[in-house]
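Pasting the structures in now, so scroll down.
One chain, chain A, links the two complexes that follow: it is found with chain B in the first and with chain C in the second.
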Partner chain A sequence: MNAFSYARPRALADALRMLRTGAASALAGGTDLLGLMKDGLARPDALVDLTGIEGLRGWSHARGKGLRIGALTPLVELETDETLAKTMPILRDSLRDAATLQLRTMGTVGGNLLQRNRCWYFRDEGTVCWLKGGTRCFAVDGENRYHAIIGARECAMVSPSDLVPALIAYDAEISLTGSRGERRMKLADLFVAPHGSQRREHTLRPAELIVEVRVPEAALARKGTYLKAMDRKAWSFALVSVAAAARIDRGVARDVRIVMGGVAPVPWRVLAAEKGLEGSALDDAACTDAAERILSGATPLRDNGYKVTLARELVRRALRSLVS
Partner chain B sequence: MLRGPGAIDLGLTVNGEAVRVHVPPRRTLLDTLRQSLGLTGSKRVCDEGTCGACTVIVDDRPVYACMTLAIACEGKHVETIEGLTKDASGEGERGLHPVQRAFIDADAFQCGFCTPGQIMSIVALLRATPSPTEDDVRRAVAGNLCRCGAYPNIVAAGVNAGRRKK
Partner chain C sequence: MRTGEISVEHVVAVHDIGRIVNPLTARSQVEGGVLQAVGFALTEERFLDRATGRVMNGNLENYKVPTVRDVPAKITVKFVDRPDRRANNLGVKGLGEPPIIPTAGAIANAVANATGARVRHAPLTRARVLEALAVAGARA
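Moving on, here comes the complex of A and B:
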């Protein structure tokens, strides 16, 4: 790791001010940032530790007003809180097999949303891939068994988070604050497939911070399922993951959401397939058909064709589980 | 207030004792424990938050010391494998912590290199879940790799340590 100075301000305004000067980075749990720094992929000259800031930790649910989760809430708190497990069970379901207990203890919600991708060409300090300013994506004709099968442009990375698909399936929004003031956006809009001059997978502005995640009350009525395929039973990023959610009203599905991780540079949705299930009883034929539609645009690389089969089946199972 | 990037004085609480170290902000908790404080029980293996051999307890929760900055631990309570025997009086033999004793009884190691991390993970588990199931223990040590493959006995040691505490 390069040398850097460090501060742990107690006020958000102080943190924002420090982040505007020089090449400072925000530090929360550090589980991704310190890894990037050790690998020479990030070289901040100052770290602004956000964990001393009051009011950005924990969650609340005022009935009728939706769920609010502070960006500095450790992932383990979302996983172990019994009340939250009743309010929004998919949070626990998505986090149980995310990373390891140590990493979930250290890692925060905001950090999870902003973690960088796991592509081994990106993570290799000596490889200047397209995402790091080079001229080509080495995964396209290299070792690509963990890479994107759909939605990739100049970079074949995949969206790594377990929490993100679950949150997007519940229409989560984020609140951000920075030098240009506060703004809110759909969580889905935080992510972009790197292309052109956008050589990054997030749309966060410089010196901007995520302060809160909000889930609208209406979405909390949905039933949800999170399924994750791994190449071993624990401590592994998703080969493919699926968050499916819908409000089940007299045996038929409303407001269907299907969000996939591990298949595309962004959390992957096919809106037409979701709309096609509106009013469906989610019988096996309908779920199989939706899975087919979602993966119909897949263009797998040499070693990741298995993900298409895997994704199709996970989507079918996740949807079926909403009515079983 | 920015501190560093050169070495600065830090006050830490390690195994119940207030200690002072002189390290730069980039120094990890793991390297501080091992180099500045001579506490070499926490092992430096992957140094990237993957293997769990550096697991210590900070404010009652298990964390990877290799991915934690020492400076971020000011005001927190750090516990390492070396601290376990301190509160073991009256329990077990030769001053061992009950979880250490359970590891011996279940033969929960071969080479022993991952053992301090495994034990710290299980000690943290038992504080939150005094009588863990096999699945609880398995989940608690999922982030502690053992390349000898002693997992069945490690899990048994965790379950037995819980039973013994009752």
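Moving on, here comes the complex of A and C:
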């Protein structure tokens, strides 16, 4: 690991100023960043520890104004809070099988959104893959059982987060702050399939911070389900995951959202499939058909064709659970 | 429709280890071996990049040993408990690897018995189970 300086500012403005100098990195829970540093994949010359900043931790729900979750809120808080479990149960459902309790205790919401992918070529210090500035993606012809089946361009990584599909299924937005001021965007727009000069899976600007996540009040009326397939019963990234949500109005679905993790470089949605379920009773045929539409563009690699079968079935089950 | 997930509910392990010297540690040895076999059967696999020979999963993230949640809900351990006087003058025999050896095969057999799908390569990952299910489905 390289040498670096460390600071723990109390004010957000100080943190932003420190982040603008040199190759500084923001540090929150450190559950991904410290691993990246130990593996030589991140070499910041300064760490700006955000955990001393007041006001970025915790959540609030003002009726009619939606849910706000501070970026520094530990994941375990979203998982264990009983009030929140009633307000937005999918948060608990999605986090229950995320990493381990120790990692969820250290890890934060903002850090979860910005975690780097788990591709074992990317994570191998000795391999200069396309995403790290090299000329090719080694997964395409290499060991690719965990890689993307859909939506990949130059890089076959998959979106690793459990929390992100759940949040996007509830139309979450994020607030950011940086040297060019504050901005808001749909959470979904934070993610991009690496391509061309965009050799990174996030659209965060340099020295910019996520401040909070917002879920609109209307979305909180939805029923949601999160399903995750792993290759053992705990402590694994998703082979395939799906967050499904809809408002069930007199037996039919409105505002259907289906967001998949582990299948594409970004949280994967097919809007036409969602729209096709508008007004549906979500019977088995409709759910099977929607799953088919979502995966119809899949182009699996040598060892990950099983993900297509798995993804279809998880989508079908998740949708069915919304009406059962 | 299926997801290829396997849960081991109950393992019965019966061993002839001669005279039982310490029932508690003998039982523990079998339980540990059964759990190693669950990893052997279901999750543990080494991946080499075929072009370079580099080990892709030389870490505990991607070399998957069973976790507490992968432990079978029930492990029944039985011993024949008959001193083997031909083995040595104490009548004891070893109990190191024996609990691992037959158990992975037994799990694969249980999968075949339950589904008709015969997986001939350990570990029985979702990819292999789903493929075997598709083959079994095509045959049926």
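We take it that the second predicted complex is superposed on the first by the 324 of 324 C-alpha atoms of A that agree within 3 Å, B and C clash if a C-alpha of one lies under 4 Å from a C-alpha of the other, contacts with A are read in each partner's own complex, and residues count from 1 in each chain.
Methods note: a contact is a pair of C-beta atoms (placed from the backbone, for glycine too) under 8 Å apart; a residue touches a chain by one contact, two chains touch by 3 or more.
These numbers were taken from a predicted model, which means no experiment stands behind them.
By the touch criterion defined above, A:A11 reaches neither chain B nor chain C.
In the superposition on chain A, A:D124 makes contact with chain C only, not with chain B. In the overlay built on the shared chain, the residue A:R145 is in contact with chain C alone; chain B does not reach it. In the superposition on chain A, A:R316 makes contact with chain C only, not with chain B. Applying the stated contact rule after C-alpha superposition, one finds that A:W235 touches each of chain B and chain C. Looking at the shared chain after the overlay, A:A99 reaches chain B, while chain C stays out of its contact range. By the document's definition of touching, neither partner reaches A:A285: not chain B, not chain C. In the superposition on chain A, the residues of chain A contacted by chain B and by chain C overlap at 234-235.
Every residue of chain C that touches chain A in the complex is listed here, in rising order: 1-5, 7, 42-43, 47-51, 54, 56-57, 61-62, 64, 66-70, 125-127, 130-131, 134.
Here chain A touches chain C in the complex through residues 118, 120-121, 124, 126-127, 138, 141-143, 145, 229, 231-236, 239, 303-306, 309-310, 312-314, 316, going by the rule given at the top.
Those residues of chain B that touch chain A in the shared complex are 1-6, 24-26, 28, 47-49, 52, 55, 61-64, 67-69, 71-72, 121, 138-140, 142-143, 145. Of all the residues in chain A, the ones that touch chain B in their complex are 1-8, 18, 27, 30-31, 34-35, 38-39, 45-47, 49, 51, 76, 96, 99-103, 105-106, 234-235.
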